[in-house]
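Okay, so chain A shows up in both of these, paired with chain B first and chain C after.
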Partner chain A sequence: MTNLEKYINAFVESLEVAAEDVPALKYGESDQWDSVGHMSLIAALEDAFDIMVDMDDIIDLSSFEKGKEILAKYDVEI
Partner chain B sequence: MMWRFDRFGDAVALKDEYGQTLTYSQLKAEGEALCKAAGGRCLTFNLCQNTIGSVVGYTAFIENGIVPALLNAAIDHELFAALYETYHPAFLWAPEGFGWEDCESVYERFGYRLLKTPFGFETQLYPDLALLLTTSGSTGSPKFVRQSYANIRANTSSIVEYLRLDETEKPITTLPMNYTYGLSIINSHLDVGATVLLTDKGIAQREFWQFFRAEGATSFGGVPYTYEMLDRMRFLRMDLPTLRTMTQAGGKLLPELHQKFVEWCQNNGKQFIVMYGQCEATARMAYLPWEKSLEKVGCMGVAIPGGRFELIDVNGGIITESNVTGELRYYGDNVTLGYAESGADLVRGDERGGVLETGDMAQRDEDGYYRIVGRKKRFLKMYGNRVNLDETERMLKAAFPDCECACAGRDDHMMIFSTVESRLPEMRAFLSEKTGLNASGFHTMHLEAIPKNDSGKTLYRELEKYNV
Partner chain C sequence: MFDVNELPALSAYEWAHEEKHAFLTRELCELTRHHAARCPEYHKMLAASGVDVDRVQRFEELPFLPVRLFKEFSLKSVPDEELHKTMTSSGTTGQQVSRIYLDRETSTLQSKVLSRIVGEFLGKQRLPMIILDTSAIIKNRAMFSARGAGILGFSMFGRDKIYALDENMQLDVEGLKAFLKKHEGEDIFLFGFTFMIWQHFCAELRKSGYRPDLSRGVLIHGGGWKKLADQHITTAQFRQALHETCGLTRVHDYYGMVEQTGTIYMECECGHLHAPVWSDITIRRPSDFGVAEKGALGLIQVSSLLPHSYPGHMLLTEDEGRILGEDDCPCGRKGKYFEIIGRIRRAEVRGCSDTYEQK
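Moving on, here comes the complex of A and B:
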C-alpha cells in the first residue's frame, strides 16, 4: 500500500466514510468527524505510520489536506 | 427572579469566541425585550448552542417566568417533530436557519429568532414549573424532567458553596447547555457575577485552546470520555497557568485516570473535583472535596450542602453498616418535580416530595464517602449521555420488525446483538443517527439466538460475556 492509500484508509476506517469522499473532509462538517471520531482518526494514523502525534498537531489536524502537512513533520510523505 | 443580574451591573456575563460580549445589565435588558415580544408566561422550545443568543434566550425565559424546554439545536428532525406535536409550545427560540412550518418570526437577536407557533398559550403550566430538560439521553420517547424555580435556586446555591465560586471565575464551555451538567455550570457562574466563555468548539480543536488562552479560562467540566481524550492528547504536558479547576461528572471515571488527573492537579496547584448527579436532581447531588481526591480515588464523594443520601437494602430497610451495597436514595430541595410525557403533564405539581430513588447501586465507606458500584436500571452512559437500553431495543424492533435483537454493553461501548447478521450494519447506523452519538461507540455481534428464559424474557446476564 502506498502512503496515500494508507492515509485515505485511516479516514475510511475511523470515520466510516467512502474513500471518494475523504479528500473533501473537514472536522465538524461530517457527522462522524466529531471529537470522538477525531480521536479514532488520530489513533488510526498513529498505527498506520507508527508515529506519536503531539497535542499541538492533534488539534491542528482539521482537514484531509492539513493532515498531509502535519504528517510531513513526522517524515511521512503522502 | 432567579439570578438578579442587576447585582453585577457592567461586569461581563458572557463572552464568545468571536469577541462579542454581554454585560450583566445588558443580559437583563435583552431578556426583558425578548420576553416582551413573547407576551407572557408560556411554553417555549429552545434550540441550544453554546452561543450568546442561546444563553440570552434561556436566562430571559427563566428570569421572566416563561418555561423553556432545552433541546440540542442539532436534534434529530423526527424527534423534534414528536416533541412539538406532544407539547404544543407557544414559541421556538431557534438559530437562524432553523425553519419550521407554520411558524412566524416575531423577534430576532444575536442570530436567534423567536418563532411563533400556531398553538398559542394553550398548554397549561404548573405555577412553580421553571424548566424542562431531557434525561440527557437523546433516544426516542418525548419525556422531560420537570424542574422548578426552587430546584434550580437550591442546586445553584449548593454548587456555588461547595465549589467556592466567585466573580473572578471564567469557565469555558465544553458541554452542551441543554445537558444538565453543562447548564449547571452556566447557572452557578451567572449567580456569582463570573464571566462565562462560550464556544461550540471542542477540546480537539485548535480554536478552543486559542480562546481558552486568550481569555484566561479558569475551569471546565468533562464527562469520563473528555478526560480519556485529554489523556490521549497528552494534555498533562500543556501549560495552562490560568486553569484552576477541572470538574468531572456524567459517569464514573476509570480510577487510574482519576488518580492521574488528581496527581497532576496537586502538583500544579489546581483542583480536580469529581461530582455525581442526575437531571432528576436538577444537576448535582454529590462531590468529592479536592482535599480528599487522592485518598478517595474511585469515590464520588459526599452529598452536596443541603442534601443527604441513604442506602436501601433489598427489603427496603436503611443500611447503616459501611461497605455494604444498596440502592442510593437522595433527599434535597433540588429533587425535581417529576417527569412529563405529554403536554397535560405540565400542570402536575411536585410528585417526589424531595426524595429521589437514583437507580444507582452504591456503598458508603467508614468515613462516609460514597462509591457507585452499579446500576439498577438497564442504561449506559455514552459519552456522558444516558442511553436507556430497553428504549434503544424498542427503537430497533420498531424500525427492523422482522429482526430479533437485543442491546447491552458497558459505558461508551454499546453492543447490538441480532440473529440477522446482514442487518447489523444498518441497525448500528440507525442508532447512531437517532441518538446523535458517534457510531464508534456502537458495536455489533451476530448470535444464532438471543438467550431467553422460559417465559421469553431476554437473559441480559448471558449477553455480558460478549462485552469485548
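Moving on, here comes the complex of A and C:
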C-alpha cells in the first residue's frame, strides 16, 4: 500500500466514511469527524505510520489536506 | 488585543502579580469591548451596569455575568454560520442546561491552552493512559455527556488508551494486567471523575483484591466533590484509598467548568488549586459582590481570556471558596492559589460526574 492509500484508509476505517469522500473532509463539518472520531483518527494514523503525534499537531489536524502537512513533520510523505 | 494565536505560547505559571494583573486588565477590557460590539444582549447588560470600559483601571471593576445566564439566554458573539459546536453543561433531567457557543477559533484556543496546562503536570510526551470510567461512556454518541466530553478532551494527552471499567461497570482486571505488563517501567496517565473513581474504581479494587501497581501513575481527576461530600468523604480519605488500592501518589484534582473550558485550575503537589496565566480567580462577598480580602470566604468569579465566540470571559459561579495566597505557593508556581469550599445554598445541584445516577 502506498502512503496515500494508508492515509486515506485511516480516515475510512476510523471515521467510517467512503474513500471518495475523504479528500473533502474537515474536522467538525461532518457527523463522522466529530471529537470522538478525531481521537480514533489520530490512533489510526499513529498505527498506520508507526508515529506518535504531538498534542499541538492533534489539535491542528483539522482537514485532510492539513493532515498531510502535519505528517510531513514526522517524515511521512503522502 | 494580544494576538490570539500567540496566547497558548505563554508560560502557564511564571507571571507574578503585577505583570499578570496588568496583562489581564488590558486583555479583559478588550474582550469586553469585543463582546459588546458583537452580542446585542451583552451590549445591553454592559450599558445597564454603568461601567465605562475606557475608565477601568483594574479588571475587577468590569461587570461579570452569573453563570446561570447561559441557561436562560443564547449568548453568542459570532454569526451562526461560524458556529463550530455547542457545548452543554451537565444538567440532570428537568434542569436547564447551559449552552456555550463555540467557533473554530475559540474551540482551538481552548484545546491548546488545556494542553499547555496539563503538559505542566504530565510532561510533553503523551503517556499510556488508563481512563477510570466505563468503556460505554463514549460508545453511544447520542447520549454523549459532559463526562464523555471531559474524557475525550483529556484523551488527547494519552496514547494506547484503555478503560478500567467494562460496560457493566466491572473492573477489567485482565485488560489492566496486560496493559501494565506492556507499559512496565513507564509513567502512566490516569484520568477520571472524582465520584466515579471513588464509587467504582476504588470500590471494585477493594472488592476484587486485585492490587495493580500504579506507583508510576499520574492521576488527574475532576468533576466536583458534591457526591463525596454528601457521604462525608474527605480529600485525605480519597487519596488514602488510592494509595492503598493501587499505590497512586501523584494525584491532581482540577476545578473547571464548561462555561470556561480550557482554563482549568489544577491542584499542585501542595494541594492548592492554581490560576494559570490565561485566567484568574476573584472572590466576591455575597452581601454586596465587592472583592473579598485574601483568606475570606466568598463567591468565586472566574475570568478567562479564551471566550471569544460567547461573552463568558467574566463569570460569577455558584461555588464558594477562598484565596490562599498569590505568587508564593511552595510548589513554585506563580499566580493566585485557592481552595473550593462548596456550592452556595439554593444553587442547583450540578457537577460533571453528578450526571451518573446509580441504578
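The rule is short, and it goes like this: the second predicted complex is superposed on the first by the 78 of 78 C-alpha atoms of A that agree within 3 Å, B and C clash if a C-alpha of one lies under 4 Å from a C-alpha of the other, contacts with A are read in each partner's own complex, and residues count from 1 in each chain.
In the analysis below, a residue touches a chain if its C-beta (ideal position, glycine included) is under 8 Å from a C-beta of that chain, and two chains touch if they have at least 3 such contacts.
Everything numeric here is computed off the predicted structure, so don't read it as measured data.
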Touched partner set for A:Q32, first chain B, second chain C, both or neither: first
First, second, both or neither for A:P23, with chain B first and chain C second: neither
Chain B versus chain C as contact partner of A:I58, first or second or both or neither: both
Touch count on chain A, higher of chain B and chain C: B
On chain A, the residue positions that both chain B and chain C contact, one per complex: 28, 34-36, 39, 43, 54-55, 58-60, 62
Complex interface listing, chain C residues touching chain A: 84-85, 104, 107-108, 111-112, 115, 119, 124, 126, 138, 141, 144, 149, 152-153, 155-157, 159
Contacting residues of chain B [partner chain A, same complex]: 202-206, 208-209, 225, 229, 232-235, 237-238, 383, 433, 437-441
Chain A - residues contacting chain C, complex: 28, 34-36, 39, 43, 46, 52, 54-56, 58-60, 62
For the chain A and chain B complex, residues of the former touching the latter: 14, 16, 27-28, 31-32, 34-40, 42-43, 54-55, 58-60, 62
